[in-house]
Amino acid sequence: MSVIKEWEPKILVFTCNWCTYTGADLAGLNRMKYPENVRLVRVPCSSRVNPQFILRAFMKGCDGVLVCGCHPGDCHYVSGNYFTRRRFMLMQRLLEYNGVDPARFQARWISGSEAAKFRDTMIRVSKEIKALGPNTKFREDWYVKEAIANEPSK
Amino acid sequence: MKYSYFPGCAMKGAGKAYDFSIKYVTKKIGMELLEIDDWNCCGATAAHSTSADLALGLNARTLALAEAQYPDLEIAVPCAACYSALRSALFSARSSKEKLAKIQDLIEMPYEGKNEVISFLETFSRPDAMKAITENVVKPLGGLKVACYYGCLTSRPAKIAGPDDVENPMQMDDIVALTGAISVDWAFKTECCGGAHHVSYQKGAVPLVDRILRNAQANGAEAIATACPLCCLNLDMRQGELNKKNGTDYNIPIYYFTELLAMSMGATPKEVGVEKHFFPALSLMEKYLVKGGSAV
Amino acid sequence: MSRIGVFVCHCGSNIASGVHIDKVVEAAKLFPNVVYCEDNKYTCSEPGQFKIKAAIVEHRLDRVVVCTCSPRMHESTFRKMLKGTTINPYMLEVANLREQCSWVHTDKDKATDKAISLVRMAAAKVNENTSLFPSKIKVTKRALVIGGGIAGMQTALDIADAGHQVTLVEREPSIGGKMVMLDKTFPTMDCSACISTPKMVECSSHPNITIMTSSEVEKVDGYIGNFQAIIRQKARYVDHSLCKGCSDCMDACPVQARNNFDLGLGKRKAVYTLFPQAVPNKAVIEKKGASPCKFNCPAHLDAHGYMALTGVGRYEEALGVVRRTTPFAGVLGRVCFHPCEENCSRNKIDQPLAIATVKRFLADNARKSGKLGKIAVTAEPKDQKIAIIGSGPAGLNCAYMLALEGYKVTVFEALPKPGGMLKVGIPDYRLDKAVLAEEIKLIEDMGVEIKCNTRIGKDISFKALRGKGYKAFFIAIGAHTDSKLNVPGEDALGVVAGVDFLRESNLGNNPKPGKRVIVVGGGNVAMDAARTALRLGSDVTVLYRRSEAEMPANALEIDHAREEGVKFEFLAAPMEIISENGKLSGVKSIRNRLGEPDAKGRRSPVPIPGSEFILGVDTLIKAIGQKVVQEDLTAAGFTLYDRWGNIAANAETKTELADVFAGGDAQTGPATVIEAIAAGNKAAKAIMNYLEGTELPIEPYLMPEATVEADELKNVPRAARGRMPMIPIQDRRSTFKEAELGFDEKTAVAEALRCVNCAVCSECRACETACQSKAILREQEDELITQDFGAIVVTTGYELIDWAPLYGEYGGGRYPDVITGLQFERLVNASGPTEGHILRPSDQTEPKNVVIIKCVGSRDENKGKAYCSRACCMYGAKHAHQVLDKIPDSRCYVFYMDVRTAGKGYEEFYGRTREDGAMYLRGRVAKIYQEGGKLICKGEDSLLGKAVTVEADMVVLETAMVPSPGVVKLAGILGISTDPDKWLNEAHPKLRPVETNSAGIFLAGTCQGPKDIPDTVAQAGAAAAKVSALFSNDELETNPMISKVIDEKCSGCGLCVGCCPYTAISLQEIEERVGALRVKRLVASVNHALCQGCGACAGACRPGAIDLQGFSNRQLLEEVDALCL
Amino acid sequence: MEISLNTPAATLAEIGTIVDKAHVELHKCYQCGKCTAGCPMADSMDITPREVIRHLQLGLLAEVLRCEAVWVCASCHTCSARCPNEVDVAHLMEVLRQEAKKRNITPVPDVDKFARIFISNIRSFGKSHEVVLCASYNVWSGHLFQDVMTFPHLVMNKLVFFKPHVVKDKTAVRRIMDKALKGADKA
């Protein structure tokens, strides 16, 4: 391809099987459009997400991570999303302490019927992270500088 | 029991009986009223029909004066129209910081929206006042059947007026019951009397008075108690006129609820200005004041 | 090395049009361990699946990635397919190329890139998959159905017919629910009772169905196939194994309670069956506790009981109720200060019932008609002799209770006449002593011996009595001496004690007080002394040190004293008694002001210096308190006193001497008659326990207080308290005739009928007498029953919205002729309160103009609910039809927003109703008010664009359905969810309408949302089919994608235990070898049946010892890594 | 008369601004007419309160701005209190009145005149004065003898005063009024 590709962030979205993943499917069913740069990883419950996964994602070059689950009080597993919420707060503070912009790690509650909310969230998050540029924190590769140099806006 | 006091324009004119009786009752029960110095007219319906800012500005000035003069006191307001207008301004001031800034700019005075605006139905239904009233009733109006008429503006809009019940408020009924009178259950407590149109659109407004009187009569009321000079004036002034024009036989003198309180506390009808009503209101009182002895 | 096969689906053009399939296939072939890749038009189709199977064999694949639609759609399809191959069904991953790729992106190249990435993630994950095998759990083949309405009954019957056990739990005393309340059902006009009562009977006679009425589910543990429920069987106060359903008890019950089944349109008894065809047809008693009158009575007299009986004219029985506790009905009716009345719920709306005066009526009426009778002793005579010292109310009541039990009782009285303070303390104008004498005679007639003029310490001693064979003693000598004023000159001639003065007067010794009398004190003795002195011709002034508000005397006594001419000096206290020649001449007093409140909240008097004044006086009566006379007892050898000088005894009246008991004023200090009676009764019980060696409760059986809030009494008609007639005031000033005359029969009955039945059951115990099978269990308590179930069906139904507080414009419940649709059903129902005649509740006349208003509370975000209640349009039409059909020349106006008639035959029915003449008006009524006996309804006909008025005789509000109360609590117990309006959530609105998100728990009927009977019954059948399908297995396969612990890594910290919502994880001891040693330690362990596979534990585990199979840490990390490539 | 529903987008936008001022969501109204049914003045109106909303829903702004109903409304707020869909009809009426006034449309001139007199009264005295108010109204409106029969009663009972009460700081009140009325029609 002749055109230089615009830089696209890599965004990882952990979604619980019962609410957000279903909501994403519904968005598909309704042919709603959102950016290609988001990838969903299906987990049974948002509480399944181990902080290790998030650090690993940033390490391997992810630019943003989202954890999505059922609305508080509506968890398929009764109380899982309350754990998620607590864990998320702690994790976000840890990341912020290490210089990661809080926008790169967010939690959202999207139910199985909120297809439009799913789409809107994906569009907004994608835009936010794109504006932040590539993540440089925690990355294991030695080519971070290069990645920044290749940033199209420069 | 101490309040800053906004009498409103009508209290100096047609609402004199209201003014007299409030003064009598508050003195008896040890309630102190401190009139706000240099208050201005609330603008009534005319102001908010013309411009929202006009109503806001006029009332905010009065509120700001009260805040400066009596920073710790709630503002007691006898007239329902003034009460509504002042409360609306207060609610605007409290709605957001931007709105408050706009108000300060408009009136060019410091104002924070601190002091609550309350009606006399509220001041008198607080426990200490109720207790004091009970203790001061010496000539109970045993058995007088009263329909308590609240009108629009002490009831609606509910979030501004804050009535105990929009359709069937009981505050005035409870206060009037302290005098030994019996408050009747009727259906037009909060129906409009057309007050706003009584000068400018009489053909539409007078029938409203008719249906209020009709329902009061149907439910056996001998008298109507009001808490607003405008309501009182309308129901009072049109009654004889309706009887003449439509051949109705209404005989329901209109009183301010404070007049009933004052008389049960020993005031003579003349002292509180009962004879000043358009529709003869003196003889009914004389009848009950004689009948009601000391025993309840 | 694993061998992965990747199968990319076109899904027709669904995926292929948004993604370059060929590029995906080419890319996938290069992924690690992928040995084969192909594309397919429709992978989920039969040929598509066949091709995968063939590839597995041909390429020796050991795991598979299918790139197709959402795994929520076809993951299970492909798992099933793998069951028939060499590969474990869990060696599969699905890449979602349709819903989350081709359908949501527009740029085909970018979508292709994403698709490749998704396939890479799936391939990376599947590489870490392991074979998983489900385990088996047993199924308990018993279903729990909660709610006995039509849905519950139908579900229960269908499950039972399939051969399984069912327990049907219903909160009300009968099954049947709302449907049996209805008259006819639309659109066929079948009789509702005719089609639902056979179902009720079938349920009760079905061998597989156990019905538990008056029951509620309290707790549920466990999981599909293995639930454990705790069910509360509420007390019914009737032994259902003995009850024959004969209704004798109901005939006997005097209480008129609200008939909830008729929605308040009729009355029923406190003991009742819900309706005539109730299943089970057994009586229950509604008890909300002890009525406040009974609860707050020191002796717990069944005040509510005798009021109820008086109300229906059963005076003798009512008197019998009093006599269960005391023979002193006439005395108490006159002198009791009635804490019952102070606590009467009617205080909240008007005035309390005149309970004491009604009791007085019962005694007076019996005496007048010569029916005072004798009190029968039914107990076996007993040999033990008991001595009671003092014949006051405590002593005599103790004697009475013991005599009732057959004991031989002797009462010793120091004074010449029995009665204690009743005789010598209370003046005749308050208590006619003939009444006292007659009631004392009742006790004597039971065999109690009263020996007067016998003073303890002088004429008898404990030792002597023990010698004569007395086994127990009750000391009730009262408090008969005065407290001292402690001022100089107190001993002057002319200063007398109040109690002495009253005793002299009451014994007929005619004391002669001087012209000017001053009574010092503010209690009841002071009032009695003052009024007595007044009647003896003196000019009386009461001197009290506080103000009137602080006076301990009964307010009515003070009023009476004032009326009779007693003068009061408040805030004044005597400082010195002035005498001339040893004879009283004046009292020097000082003015007080009220100081700070003391510990009890009473403001104490503070003398004002310099305010001394002198009052001239001839006789000064001290009435500032009484004390116990200790000398006699001391002489008799009894010396146990507390620091106030009262006899030391505990709350059960026991003293330190095993055979000596004490109570009444002698033990408590001066108190009331009723407290003395209570003490006497307690002493009797304590003595019986002592003599028989039993440990029966000392206090009478008492339930918690049944309080009624003012709100609940809003619509109770106001009625003034009966007026007490009195003798003329001049007689009151000069004679000792009883001042109060008591009620006549009419007043007494009217007074009794003012009772609002706080506790519903009055505990008159007439039912106990009436029941021939002795089935009444007065002291029954709730019972908790634990049982195992394999499945649960919730069928808790609906309630109608409480419209009254929401719609003030419709009268807010003040107009009796504005009723709800369900009330109309009861009116038009042949077994309803009007036997099927449509009559106005206010005056029982037939309404000619009926207005029906739909959507009251429905489709009203402002005041009610936003939703449509679905059934109202049709039953509104039915009601209109019934009005026009049943009432000749009637007219019916229906105000509607929209008419929704989606159902078989529904639109036709609506058409017929209009043909009948119903006038349909499109618009909402803004106000209903009463004028001239009519209900004026003001609405707009919005099709005409004009405000319209209808003068109606009756208005029927078709109110919104809301979930049954308590459903939120139940949902919490079951772990299922509700929507914002509190309807229970189904698992899927289209595809799983009767399942919940918790496996094994199902829904049917209106608990899920408003619906009509056909839909409800259909759902009930569906839920039963689901349960039957579940019960067709002896065992269930569990989901193998659950947590697993690696013991070696587990540190036993227990973090996972706390975060498991299913309590599936526990710490268990394991034994392991460390070097040469065998050591024991705790590690986490997962219960396979309980674990639902959420993975919260795996997210929390720090050493990574607990992992979720199928979504393991390694699988997810590989997926993350692959995503980042 | 046939009505075209192809309302220009500008008019729709204008309606949007007006209803936003009143915090009203037009789509919420399902035309049940409870507002009209409870309205004490409905009898005197040319179109009912429900129809006012309907016109706006259909984009017929001009019809609403020239109707009498908006001016006949007595601001009793009964409609708003009872609306099942929380449509604040009374507030909308008020905003419509202000809008009509801006465009100098006063279909019920007496009501407007009274308001003007009332406001000028406040401008003069800072307080309202019944005699001046009614007298000026009777002169302005041409209803010269309206309620004159009540006058002797008022005088005899000292219910009127001829020397108006006046605020001390008249300029402050006037300044506030002028600022507030800037933009709106000057009274």
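Observations
As written, the chain order gives the labels A, B, C and D, with residue 1 at the start of each chain.
Here is the rule we go by: a contact is a pair of C-beta atoms (placed from the backbone, for glycine too) under 8 Å apart; a residue touches a chain by one contact, two chains touch by 3 or more.
This is a predicted model, so every value here is computed, not measured.
Chain pair with the larger contact count among B-D and A-C is B-D, by C-beta pairs in contact. Between chain B and chain D the centroid-to-centroid distance comes to 23 Å (mean Cα coordinates, whole Å).
The distance from the centre of chain A to the centre of chain D, with each centre set as the mean of the Cα atoms, comes to 54 Å. Averaging C-alpha coordinates per chain places the centre of chain A 50 Å away from that of chain C. Centre-to-centre, using mean CA coordinates, chain A is 61 Å away from chain B. Residue positions 166 of chain B are each in touch with at least two other chains. The multi-chain contact residues of chain A, meaning those touching 2 or more other chains, do not exist; every residue touches at most one other chain. Looking at chain D, residues 43, 78 sit in touch with two or more other chains. Screening every pair of chains for touch gives A-C, B-C, B-D, C-D. For chain C in complex with chain A, the residues that touch the partner chain are 70-72, 96, 98-100, 103-107, 110-111, 113-114, 117-118, 121, 975, 977, 997, 1041, 1059, 1061-1062, 1092-1096, 1098-1100, 1104, 1108, 1111, 1113, 1116-1117, 1119-1121, 1123-1124. Interface residues of chain D, counted against chain B in their complex, comprise 40-41, 43-44, 72, 74-78, 80-81, 88, 90, 94, 97-98, 101, 108, 110-111, 113-116, 118-119, 121-122, 125-130, 133-134, 137, 141, 146-147, 150, 153-154, 157-161, 165, 167-169, 172-173, 175-177, 179-181, 183-185, 187. Every residue of chain B that touches chain C in the complex is listed here, in rising order: 165-168, 185, 187-188, 214-215, 218-219. Listed in rising order, the residues of chain A touching chain C in the complex are 10, 12, 17-18, 21-22, 24-25, 27-29, 31-34, 36-37, 39-45, 47-50, 52-53, 56-57, 60-62, 74, 76-80, 83-84, 87, 119. Touching chain C in their complex are the following residues of chain D: 28, 30-39, 42-43, 47-48, 50-51, 78, 82-86.
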